[in-house]
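The next part holds the structures, each set out as structure tokens.
Both of the next two complexes hold subunit A, though its partner changes from subunit B to subunit C.
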Partner chain A sequence: MQIVVDLNRCQAYAQCAFLAPQVFELHGEEALMFTPTVPDDQHEHVRRAAAACPVQAILVGERAGP
Partner chain B sequence: MSPETLYQRITDYANRANPYPLYAELRENGVTRQADGSYLVGTYHEIAALLHDPRISSDSRNRADPSTVPMFRRNSQQAFIGLDDPEHDRLRRIAMRPFGPPHSPGRIDALRADITRISDGLIDEFRDKDRIDVVEDFAYPLPVTVICRLLGVPHEDMPQLRAWTNAVIAGVDVTPGKDEESRQRAGQDARAAMGEYMGDLSDKRRENPSDDMLSALVHDSGPDGRLTRAELMATGTLLLIAGHETTVNLITNGALTFLRFPDAYRLLRDKPELMPRAVEELLRYEPPVHLLPQRTPLADVEISDVTVPKGAPLILVLAAGNRDPLRFDDPDHFDPTREDNQHFGFGSGVHNCFGAPLARVEAQIALNALVPRLEDFQLSEDPPPYRRSPILRGPRHLPIERVG
Partner chain C sequence: MTGKPWKGRIVIVGASLAGLRAAETLRDEGFTGPLTLVGEEPHLPYDRPPLSKQVLLGRTRATEIGLPRRRDVDARWKLGVRAGAIDPIEKKVILADGELLPFDRLLIATGTRARPWPDPVEARLDGVLTLRTSDDAAQLAERLDAGPRRVLVIGAGFTGSEIASACRERGLEVTVAERGPSPLVGALGGALGAFAAKLQRAHGVDLRCGVTVTSLKGRDGRLTGAEFSDGSRIEADVAVVALGAVRNTEWLAGSGLAAGPRGVACDAGCRAFNMYGIVTDDVFVAGDVARFPHPLFEYQMLALEHWGNAVAQAEVAAHNMVSTGPHRRPHLAVPAFWSSQFGLNIKSIGVPTFSDHVVIAQGSLRERRLVAVYGYRGRITAAVTVNRAKWLEHYQYLIETAAPFPPESGAADRPDSAASVPSDVPDPQLLSHGPTVALTGHLPDRRLTLVRHEPTPTAAHRR
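Up next, the complex of A and B:
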């Protein structure tokens, strides 16, 4: 699973950082950091975070293969 | 009917079960001055602009007429929901440190297992029953247990806290009716008692810390310093009340809505992974907080050609904005797969709900656990009996029964 956060939309509500703390991290008050290639055990967390992002800034792509 | 009586009609208990036609009327009329001097706003874009406008205060000391302010807000230390920046921001930052990222990124995620266990336990207890009250048997005990665990409030104190909370909510009720004075006084007393309780509990945690949020709050000292005892009392009380009354409504509204719309129900039963989206749609379609009665302009403010004077009560009807056809396609349709859904369920702007991530996790887990259980059940009455409050609006009971 790959993710991209559209940082033009992201308003740093940080919902994702609560819901998938292993993947999304807040640095300081505003800056959002994330792991673009999501480890297998975090897929559920990431789906929940993407669904909850108030501005739908998290784009999730499933990629076949290794 | 005259637009000046809209607020009166919205708050009238007779319209609690279905206020939505009144909200449509409100959107049609635009910003309207009410007979009591307050201004009502119910259109999405106007509400959004006001929630992001620094000239709009949450601090009721800015009201020109103090009699429009609930009694408890006139004197005691206010929690950050009733303060403006920079004070609001300082207190919210301090409270956020032990709650979420960047300082405590794992706190909510770590509660998932607990929430699942509590929720499964409650469901087990009514496994064999043919009649269930979704509120008393499920939607109420879950969030209360969770917020108490988060804050470190002992389980045996919960009945006392429930009694205080009920009095506090009744005290801010704006439903027209009798005994307003005595209700407000009882609400203020309950709030004071709850504040003392939180103050004492914080003192205990200062001596004997455990792994809860209150212990972290009293021991933590970040760049913004520590909360004073009065601030701790106000913050603790806010978290306790805000942390459960609303979540009860969200879970109950979920059960009610799924039972009303069998197609949506089947979709969610077959695809539990859709629940996070469905919860967002519930927050739009049947939000637990219908209106924010506490805003005040700090200067004369123009809202779509109407001037709202400095100091006037400004009431933002979030639930009306959530169904604004200028913002949402087919707004009166409950669509659990809706994509474009930037609702006002948790407000917006600097006061947007502090506990939203927790509320989301609770509602997602609770409703996913409940859905399979609803299979053979139907609503015993529709609409169900509602609680009094037009602000925190939701069913008081949700009786359901096994079919056949």
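Up next, the complex of A and C:
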């Protein structure tokens, strides 16, 4: 599972950081850092985080490529 | 797509963010024909913003920054192969490996590469690096892991500043050399440039502005240090050349397209112009390599090195590639970007360099939490937030509606927010770092040329 966050859209509501703290972390008050390749045991947490994001900035999918 | 689905062959040159999102949009639009994606790098598409952040901090490996797909694109992928030329008559892309790819519609999304250090001998010294690709980031992260005694960052644009931030966070000594008066000044103007300079120094960066690196010193092929134009020298094990980007247009030299160091010129619908200024109907452009006219900025040709622009422009280009005249859409997205450095979240909407004045409308430089609003001739053209991202949407609306500048005071604004000051956007000739937004049009009241000609930037840097 691969993720990318549209950080133009992100407004640091931090719902993702509560729901999947191993994948999303606020660096300082507002700067979001995420782990693009999601560890296997975090898939469910990440799906919940993506669903909960108030600005729907998190894209979850298979890795793009051939 | 509306009406009958367009039939034909599509080739996309460039398999990074813009190329990928264009391919997905083509399929979303109902295009079912043969689709080929060509990428120079051998890697699957990946996300570049983490390269100067998570990867340098050692939180994410450079191989683990792949992009998620929105859908299957059912395409033929030619990765690790450069496109060498276009035959505009026969409508073929000629690849470096000799293969010919015939197309009915072509998308150019070849992006940019890092501007190299101008002295090729010094550039080859072990320890001299650039940062643009995942391979670059992997190398730099490895160097930082090894605990260099000092890192030299040449150029204090966003990339250079983020590298310096990562170094300090890892406890590494870092010197930043910038020919201009302050970091980020080329993108954000004088007031926030001065803020960025204070921020860097408060975090222990040895920031040297108004100087150039005159030479990189080495012994036995390894970097040992650098000399500055003011006569001073430092010792350093690693030097990162962050002088901005070069647009990948050389391969289009014989194509007859309006392609050059400023990018590939296209209309608001992403159709490329040829060298006579006539719009083509089968060649489209998107992403960092494109220059396009934007109505919010007096139809100046903008070239944006922004993640969001690559996505939005790719979507418009793809839609237009398979749509007929009246169904085509303009690319009108308001430019936006973000940067995180020294623990702060810096975000921008609009074009801050398209301004004559700036006002700190909310917060203050001292609090390190603020909204700076930029105006040009009495209307709002941009806003930059530091740790106040939630306000950007509001200012986007003001930019889109050409609201008057200075903005009216709201409840969240400083009571004394009326005091605007000149935005002090410098001529980029004076900077080490290349601008990430290039205004290449003409402003009548200023002699403003915000894109430098080859090979001036590197030569200027060494003067």
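By definition in this document, the second predicted complex is superposed on the first by the 62 of 66 C-alpha atoms of A that agree within 3 Å, B and C clash if a C-alpha of one lies under 4 Å from a C-alpha of the other, contacts with A are read in each partner's own complex, and residues count from 1 in each chain.
By definition in this document, a contact is a pair of C-beta atoms (placed from the backbone, for glycine too) under 8 Å apart; a residue touches a chain by one contact, two chains touch by 3 or more.
A quick note: this is a predicted structure, and the numbers were derived from the prediction, not measured.
Asks: Who does A:Thr35 touch here: subunit B (first), subunit C (second), both, or neither?
Replies: Only subunit C; A:Thr35 stays clear of subunit B.
Asks: For A:His27, decide between first (touching subunit B), second (touching subunit C), both and neither.
Replies: In the superposition, A:His27 contacts both subunit B and subunit C.
Asks: In the overlaid three-chain picture, which partner chain does A:Leu19 touch, first (subunit B) or second (subunit C), both, or neither?
Replies: First partner only.
Asks: Taking the superposition on A as described, I'd like to know which of subunit B and subunit C A:Pro54 touches: first, second, both or neither.
Replies: A:Pro54 contacts subunit B only, not subunit C.
Asks: When the two structures are laid over each other on chain A, which of subunit B and subunit C touches more residues of subunit A?
Replies: Between subunit B and subunit C, C touches the greater number of residues in subunit A.
Asks: Could you tell me if A:Asp6 is touching subunit B, subunit C, both of them or neither one (first, second, both, neither)?
Replies: Only subunit C is touched by A:Asp6; subunit B is not.
Asks: I'd like to check the shared interface: which positions of subunit A are touched by both subunit B and subunit C across the two complexes?
Replies: Shared contact residues on subunit A (touching subunit B in one complex, subunit C in the other): 27-29.
Asks: For subunit B, which residues are in contact with subunit A within the complex?
Replies: For this pair, the touching residues of subunit B are 100-102, 105-106, 108-109, 273, 276-277, 280, 339-342, 346, 352, 356-358, 360-361, 364.
Asks: Of all residues in subunit A, which touch subunit B in the complex?
Replies: Going by the criterion above, the answer is residues 13-15, 17-21, 25-29, 45, 47-48, 51-52, 54-56.
Asks: Can you list the residues on subunit A that touch subunit C in the complex?
Replies: Those residues of subunit A that touch subunit C are 1-4, 6-8, 10-12, 27-37, 59-66.
Asks: Considering the complex alone, what residue numbers of subunit C touch subunit A?
Replies: 20, 44-45, 47, 49-50, 53-54, 57, 59-60, 64-70, 73, 75, 77, 79, 307-308, 311, 336-338, 340, 343-345, 347, 387, 389-390, 392
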